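Look for subunit A in each of the two complexes below; its partner is subunit B in the first and subunit C in the second.
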Partner chain A sequence: MPGADKETAITERIEAFLADLKRGGSGTGPLRGSGEMARETTYLLRRITAQARWSSAGDLMEIIRNEGRRMTAAQPSETTVGNMVRRVLKIIREEYARSRGSSEETEQQESLHKLLTSGGLSEENFRQQFVHLKANVIEAINELLTELDGTTDNIAMQALEHIHSNEVIMTVGRSRTVEAFLKDAARKRKFHVIVAECAPFCQGHEMATGLSKAGIETTVIADAAIFAVMSRVNKVIIGTQTVLANGGLRAVNGAHSVALAARHHSTPLIICAPMFKLSPQFPNEEDTFHKFVSPHEMLPFTAGEILSKVNVHCPVFDYVPPELITLFISNIGGNAPSYIYRLMSELYHPEDHEL
Partner chain B sequence: MADCGEPDGPDNKDNITRSKNEGKELTKEEKQRLRKQKKQQKKQKERKDEKGPSETEKEKTPVSLLPPRPVATQKAPSALPAPASAPIPVPASAPFHSSPTPSPADKPAKSKAELKAERRARQETDRASKQPGSSSSSIKTKAPLSELNPVVKRLPEHVQVDDPAVVKRLAKKLERQQIPLRSDYGYKVSLFSHLHQYSRKAPLTQQLSIPSTVIHPSIVRLGLQYSQGIVAGSNARSVALLHAFKQVIRDYTTPPNEELSRDLVNKLKPYISFLNQCRPLSASMGNAIKYIKKEISNIPSQCKEEEAKTKLLQCIDRYIEEKIVLAAKAISKYAIEKISDGDIILVYGCSSLVNHILCEAFEKSRKFRVIVVDSRPRLEGREALRRLVQRGISCTYVLISALSYILPEVSKVFLGAHALLANGYVMSRVGTSQIALVARTFNVPVLVCCETYKFCERVQTDSFVSNELDDPDDLMVTRKGKTQLENWQDVSSLGLLNLVYDVTPPDFVDLVITDLGMIPCTSVPVVLRVKNLDQ
Partner chain C sequence: MSSRGGKQKKGNVTSEQEEEEQPLQAVLVADSFNRRFFPISKDQPRALLPLGNVAMIDYTLEFLTSTGVQETFVFCCWMSNKIKDHLLKSKWCRPTSPNVVHIITSDLYRSLGDVLRDVDAKNLVRNDFILVYGDVVSNIDVSQALQEHRHRRKVDKNISVMTMVFKESSPGHKSRCEEDDVIVAMDSKSKRVLHYQKTQGLKKLQFPMNIFQHGSDEFEVRHDLLDCHISICSPQVAELFTDNFDYQTRSDFVRGILVNEEILGNQIHLYVTQDGYGARVSNLQMYDSVSSDMVRRWVYPLTPEANFTDQQGQGCTHSRHNVYRGAEVSLGQGSQMEENVLIGRDTSIGANCRISNSVIGNNCTIGDNVVLDRAYMWNNVHISSNVEIHQSVVCDGAVVKEAVRLNKQCVLAYNVVIGPNLSLPEGTVVSMHHPEEEEEDDDDEFLSDDQEVGHSKDKTRQKAFNPAEVGPEGKGYIWKASMDDTEDEELAQCLWGLVLNPDPESDSESEASEESQDHSRSVSPEIDDVNAFQLEVLGTLQRGLEENIVCDNLVLEINSLKYAYNITLKEVMQILTRVVLEYPFQQQGTQLTTLQYTGSLLPLLKTWSPVFKNYIKRPQDHLDCLSAVEELFLEQDTHQTAMVKVLMKMYQLEILEEEAILKWFSTGATNDKSRQLRKNQGLQKFIKWLEEAEDESSEEGE
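Our next item is the complex of A and B:
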C-alpha cells in the first residue's frame, strides 16, 4: 500500500535522525552546528506534515508532539530541536485559527477575566477539519525555513553598527555566527580580535585561522590569560548554544569567567544568537543542565596509575546569568536580556513549553 | 681636561655664573668642568684635614683622581644594592639648580645629580684613604637613606625591547662580557612588543663556544635547565641558583693584586647576564643575588681566601635554610590552622609551598579533599596531582575553563605566588587572577602563601608592562588528527600569545600567609620597610 510505504519511509527517516542526534552529542560523530540541526528538524517536520496521516489539526499536533518528545529525549542538550518543534506547533495553531476566521488576538489573550470566565482549559480542541490547512501549514513551514537560512546574514548585517575602528574584540571558542559577524565588519573597518582557545577541545584555533584568513589581526591566547588581557579589550562578543527563558545563557565552558572578567573591567558583553536558539527552559534543572564528555583530552591515559585515583570532570556548558550580559544581537535586531521573555511569548505558545 | 680647566678656574666660574643668571642652559663642557671643580674642592678640604701633602702631590691628585672615576661608576652599582639606586651617569641635560660654589647655606634643596656627585666623592675618599694602606678606615656603612629620598630607578632592559638604543646597549654589554645575544622568535603581538619572546628550540648554549672561559660550567648547565623549563618554579630556581653559586665560589681563586670582595662580584656579573638571557630573572632570584653580593662585599680585606670562601658558603646555606626551608615550615604551621575537617580546597598549578602545606596537613590527619585546577599550555597541575595522589590525598582534576562549574563545591582556595609587589598586587602564574576573581564572585575565601624573600619593591597594576613571553609554539595542539595552528608563522595576521605571569589585585585576596604571620595584602610595604631597616 502506498500509504504504508510512505509511513515506513517516514519512520526510517525519523529513526535515522534520532540516531544522528544521539551520536552527534557525544562529540565523536560529525559535529553539527545548531543552524544545521534546526534546518534538519524543520525539514523532517515538514515531511511529517506532508506524508503522515492526519485529519484535523489536533491529530497533527499530537503526532508532532510525540515525535518531538522522542527527539528531545535522544539528545537533551540539543535544544534547537525542541525549539523547532514548538515553532511548528505554534504555526499549526495560528493557521488553524486563521482558517477558523477568528482573530489571533482573542485567542492569545490570557487575561485574568478570561481565565475566570472560561473556567480553566479552553474549549478549543482543534477538531475542525479544514481543506487547505495542510497547504497553509506547509507554506508557513517554508517561510520558517527561509527565515532559518537567512539568520546568519541578518546578524552579520548588523555588525557595522556595533564595531568601530581600532577596537580590540575578544571572543571565546568557535561560533559560526560570530565568525560571520566579524568578517562582515572587517570588510569596512580595521580592528583586532583576541580569541581564547577554549581548552580542552581548542575550537578557538579553528576560529582564529578562519578570521586571520579574512585579513583580521588575530591573536590566540590560552584560557588562563583571559583576565590578564581583558583590561585592553573594548568589547566581548561570543556566541552561545542556548538562550534560556530568563535571558541567561547556556554557553561553552569558560564563558562565565569571561563574563565576570568583562564585568570587572566594565566591558560590554554582546551575544550573537539567532532566534531559533531561544528556549523556554529555565536554568534550575541541575541534572539536565550540564553535559559531560570523556576527559581523555584533559588527562590522557598515558598519565598512568594516578588515573584510577582521581576524579576528572569535563563539562561542556557554562551558565551565564543575565545580569552579566549587555546585549543580544539576533536576526530580528538587538535586544536587552530583560526583553527575552516577551520574545518568547511571540515565538512559542505557553501550552507548548512542556512538550 | 682637568689641567686645562684648573688654571682658568675663576674665569670660568664667572662665565658660568653669568650664563646661569642670564638663564641660559649650561653646555656639556661647562657642566663637566663644574663637576670636576666641585670634586677638587672636596679633595682640597680633605687634604687640608690630613696633614700637609707636598705641592707635587697636589698636582698629581687631580690627575690620579680621573682614572678611578670611571672605575667608581662601575663599582658603585655593586656596592650599592642593585638595581634600586643604581646611579645613572649624570645626564648631560640635568639642569643645575644651585650655584657652582658649593656652600650649604646657598642650596636649600639638593638636586639628584648633586647627591650622586657627593656620594661618589665620599666613595672616592674611602678608596683614596684605603689605597695608601691606611688600615684604620673600615668599610664605610652607607648612610641609611630615608624613605623620602627620591630613588632614581633604572628600567630593567628586558621590558624595553622596543627601544633600539637599549637593545644596542645590551648587545654591547654582552659583547664585552663575551656572552652571546639571544634573538627573538616569531611574530610578537603588538601589545607586547616591549618584551622578549624566545623559542625553546634555540637555547643560548648552542651559540657558546667550547671551552668557554668566561662562564663557569655549572652556570651554563643551570642556564640550559632554566631555558628548557627543566627547573621551574621560583623556589626551585632560587635554590638551584644558590647551589650553582656555591660551586662557583668553591672553584674561585683570587687573582694576584685583586681583592676577593671586589673581584668575585665582578666575576658574577657575566654569569648573571647569561642567566638573564636564558630566562629573565625572577624576583626571588633577584633578592638572592642582592644578598650574595652584599655578603661578598662585606668580607673584610684582611680575611684569608679559604676563610672567606667557607664564610660565604655558610652564608648561602644559612640563607637557604632560613628563607626557604624554615619559612615553609612556619607557613605550614599557620596555614594548617586554616584548614578544617571536611574542607574542599582548590589549588592552581604546581606551587611547591602549597603542596608542602597540603601534605603536612594530611599528615596531621586533617580530612579534606583537593581540587587541582590546571591550564594549558604548561599543564603544571598534573605534577601537583601526582604529588598529592602519591601521599594519598583524594583529588579532583579540572581545567580552568570548568572553574564556574566546580567552584560552588569549594570551601577555600590556596594559591602560591611568584612575587608580592609593593602595592599589594600578587604576581603569580597566569590564570591566578581569574581564579581569584571567580572565587570572589562565589564568596570563597582566597589565601595566598608566600615567603618573605619573594617580596619585591616594584609596583605594577596590569599584566602588560612587565611580564614574560614564553615560546608561542607551545599553544599548538593536535585534536582529532589536525593541528590547526601548524603554519601560524605563514599567516601574517595571526599571532600566538603565551603569557607566563599575571598580577592579581589585592581586593581579590583575603589573606597572605607568610613566615612572619598572616597579613592582609596591603601590609606588604610594611614588611619591606621592616626588612630594609634590619639590613
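Our next item is the complex of A and C:
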C-alpha cells in the first residue's frame, strides 16, 4: 500500500530532522544558518501537509501542532523552527477562512466586542471539509518559501540607505545576514568594518575573512577592546538569533556588552533580522532561554586537575533589552523595537503562540 | 535537503567513491568481561546501569548514530535478555531509526576476543567498523579519524589495521582512569603506534630499543592521553583475532600486532583529539567522574535535558548552576539544590535538604534534613529523614532508614535496607547477595560478570543479616571492601578502582632503558618464552639433522615457533646463533676440546647456512649475529680460539659480510671482557687479513 509507505517515509524524515536538531551545533551554535533551518522546517511541513492523512483543516492543524511541539522540544533554543510552524498554522487558518468564504479581515479583527462575545475561533469551526484546501495550503506554503528565499536579498538591498561613505561600522561575531548586508553596501560605498572576534568561539574571524575577501577594509578586535574602539564607530550593525516579543534580542554572547557600549557612546545599534526570527517568546522563560554548551572552549579538557575543582559554564546567548536597540532592519523594511508587537500579531495567530 | 542521519558520513566519504555505498558498521560489546561492578552487576548488566538516569548503552548507541553509523551489532552475554528487552523498547529498534541495531547473544563469550572471533565467523562486517564497549560515553566526532584511517588504508594497501581514538587530557584529570593509564610511543608524522603499555602505577617503564632506531625523524612518547576505548578497525582485525586464539582483549591484540609488526606488516595508528569527550565507565570512580562531567555538560549535546533517548516523560529542564529537574519533582520548604544536581521525574524531596553534585533517579522519596553530596541514587530509592550520604551509589529499590550516615565510597546494591541509626564506614559495599556465593563462583572463570548464582543458598542464609553491620532493621550482607582473593595483577579489584588507597607512586616517571650492544634480554616479553623457544629451536634443528629436512622447511618451522612464543626477529637470530654454536656441546658434552668442537661445528654451519641467510639480511642483523657469537664465546672462554674459525667459516659461507665483521670488531667492545676477546691473536690476524683483503679489492674476497 503506497499510503503506508509514504507515511513511514515521512516519519523517517521527521525523526531524522529531530535527531539533527538535537545534535544541532557541536558548540558553535547551529551548524546551519537559521535561514536554512527555516527553509528546511517549511519544506518538511509542506511535505506533512501533502502526505499526512487529514480530512479537515482542524486535523491538519493538530498534526502540525504535534510535530511542531516535538521539533521545538528537540532544540528549544532554535526558535526559527517554532516560528515556521506558527506561520504555517496561520496559513492554514487563512486558507480555511477563505474557503469558507468569510473574508480574512473579519476573522482577524480582534475587537473587544468579539473577545467578549465569542471564545475566538474555536476548534470545531475547522471541521468543515473543502476539496481545494490542500492545494491552497500548499500553494500558500510555497509562497512562504519564496519569501524565505528572498529575505537576505531584501535586507541587503536596504544597505545603501544605512551605510554611508567613510563610515566606521562595528559588528560582532558572524551573521550571514549582516555579511550580505555589508557586502551589498560595499559595491557602491567605501567604509571600514571593525569585527569583534566574539570569544570563545571566535566566529568573528570567519566573518572578517569573508568581508575582506569582498574587498572591505576590515579590522578584528578582541572583545575586551569593544568599549575602547566604540568612540570611533559610527554605527553598530549586528545580527541576532531571535527577536523576542518585547523587541529584545537573544543574540550571540557578547552582543549585550556591545549594545551597552553603543548606548554609552550614543552610537546607533542596528539589528539585521529577517522576519522569520521574530518569536512570540518573552525573555522571562528562563529554562529554554539559555543554551549552555560544553565548557571545553572556556577551559579545555586538557587543563587537568583544576577541572574537578571548578564549575565552568559556557553560555551561548546574551539577552539584549529592547531599550538599547535603535532599529530593526527586516526583509519588509526598518522598524523600531516598539513596533515588534504589531509585527508579531500580523505574523502569528494569537492562539498559536503556545504550540 | 539532506537532513538524514547519515549525512555527515556521506559528506566525508565522497572522496572515496568505491566505499561510498557501504554503510558504516559498528560492533558494540555490551559486556564488560570483568567484575568491577560486581555486586551491582549481579542484578543488572553493566551496560544498563543508569548514568544520569539513562542507561549507559544508550549513550554509546547515540554516539555511534551521531557519527553516522548505520548498522550496529550489539553483542551481549551476561543477562542478555535484559539488554535485549531494553533495546527493543528503545528508539533504536523503531523502524525509523537511522541506525539498524542487531542484537547477538551468546553465553559463550568470555572476552572481547570471543566476540570478534564470532564477528569473523559470522562474517558480519564488510568494511571498516567502529568497535566500542557498551559503557562508553562520548561525543567525539570520529569522522575525521575515520577519514584518516581510510586514507591510510588506501595509500598503504591495508597495512593499518586499527586506529585507536585517544583524547588529550593531562595527568591528574579525574576522568583519567588509573587502570587504563597508558604510555604510548608514536611516530609524530604517521601517527603510528610504536609502543603501547599500561603504566599500572609503575614508576619505571621500559621501552624497547627498536622504537628509537625506528628510522623516522620524530617520535613522541605520550602520557597525556585518555583511552576512549573507541577503535576503528578494518575487517582484518576480526580475522586476526581468529588466527590468534590467545588474544583476549584489545591490549593483547595491540601488543601482538606491535610485536609481530615486522613479520605481518600490520600497523596500528592513533587518533588524538582535543575536542569532544570520551570515556569508558570502567569502575565506580569513573562512574562518578563521568556522571559529574555529564551533568556539567562536557558531553554536550548529550545532556540530561536533551532527552536523546526520546522516552516519554524523561524530559527535564535545565536551570542555573546545572540543576536539572524532571517532571513532577517536588521540593520541600528550605531545601536547596546547590549545583550540578539532576533529579528524575516523580521524585519528592522533603524540607531543609541540601543536595549538591548528585544524581537522583525517578520515583525516589527523600525525607527531611537530608544531606546529599556526590550521591548517585537510582530509581525507587527511599531515603528517610536526617540521612547523610557522601560520594556513594545507592541502587534501585534500596531503603535508607533514619539517621544513617554513608561515608565515602559506599555502595548499596539492589533492594538493600540500611539503618536506622548507623554510620557505614568508608568503602562499605552492601548487597542482598551473600559474598560467599560469589567466592564459590570464583573457582571457575574470574573473567566475566556472568555467573549464574545458586539461588538455593540464598534462602538458607536469608535470616543471617548482621544487625551490627546493617542496622536493626537492615537487610543485606557486607562485602569485603577489597576482594584480594582474585589473583589479578592489577592493583585493586574493588569497585571504586584505585582511589581507595591512593597510590603515592602513581605519578609514574617514564624512563627509556639505556641499552647498548648486549641488549639480548631486556627486549624480550618474558624470559620463559625465550627459553622455551630456544629449546624448541634446538629440537627442530636436531630433527632436521636426523631426518635430513630441507632448510626451507626448517625456516618455516622456526617462523611458526616465533609466533607461538611472541619472539622478535632479532631474538630469533640471536637464539638461532646460540643454539647452533652450542650444538656440539649439547650433543657430545661440554668436555670437548677446541679442536673437536670446531670439527663438529663447521660442517653444521655449512648445512644450516641457508637458515642463517634467511634471517641475516640487513647490516643490523649481521651485527646482532656477531654479538650473539661474541656473547657465547665470552661464556665458553676455553674455546675462544675456535671463535676465529667460526667467524672465518661464516664469512666464507657468506653468512656474514666483511664490513659487518670489521665494524663489529672496531666498535663492539663495551666491557673489559670483550676487549680482552678482541686481543686474541687469531682474531687479530683474521681481522688483519680481512682488512688486507679489502684493500686488495674484490678478487681476494673469497
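One rule holds in what follows: the second predicted complex is superposed on the first by the 344 of 355 C-alpha atoms of A that agree within 3 Å, B and C clash if a C-alpha of one lies under 4 Å from a C-alpha of the other, contacts with A are read in each partner's own complex, and residues count from 1 in each chain.
Just so we're on the same page, a contact is a pair of C-beta atoms (placed from the backbone, for glycine too) under 8 Å apart; a residue touches a chain by one contact, two chains touch by 3 or more.
Given the structure is predicted, the values throughout are model-derived calculations rather than measurements.
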Partner chain in contact with A:354 - subunit B first, subunit C second, else both or neither: neither
First (subunit B), second (subunit C), both or neither touched by A:296: second
Which superposed partner A:73 touches (first subunit B, second subunit C, both, neither): second
Contacts of A:13 with subunit B and subunit C, given as first, second, both or neither: second
Larger contact residue set on subunit A - subunit B or subunit C: B
Which of subunit B and subunit C A:43 touches, first, second, both or neither: second
Interface residues of subunit A shared between complexes with subunit B and subunit C: 303, 311-314
Subunit A residues touching subunit B - in the complex, by the definition given at the top: 197-202, 205-206, 208-209, 212-213, 215-229, 231-232, 253-254, 256-257, 260-261, 264, 290, 297-299, 303, 306, 309-315, 318-319
For the subunit A and subunit C complex, residues of the former touching the latter: 8, 11-13, 15-20, 22-27, 40, 43-44, 73, 286-288, 292-296, 300-305, 307-308, 311-314
Interfacial residue positions of subunit C with respect to subunit A in the complex: 1, 3-5, 7, 65-66, 94-98, 139, 141, 167-174, 224, 274-277, 289, 296-301, 306-308, 310, 315, 317-319, 321-322, 339-340
Interfacial residue positions of subunit B with respect to subunit A in the complex: 189, 191, 374-377, 382, 385-386, 389, 394-406, 429-431, 433-434, 437-438, 441, 462-464, 475, 477, 479, 484-485, 488, 491, 493-499, 502
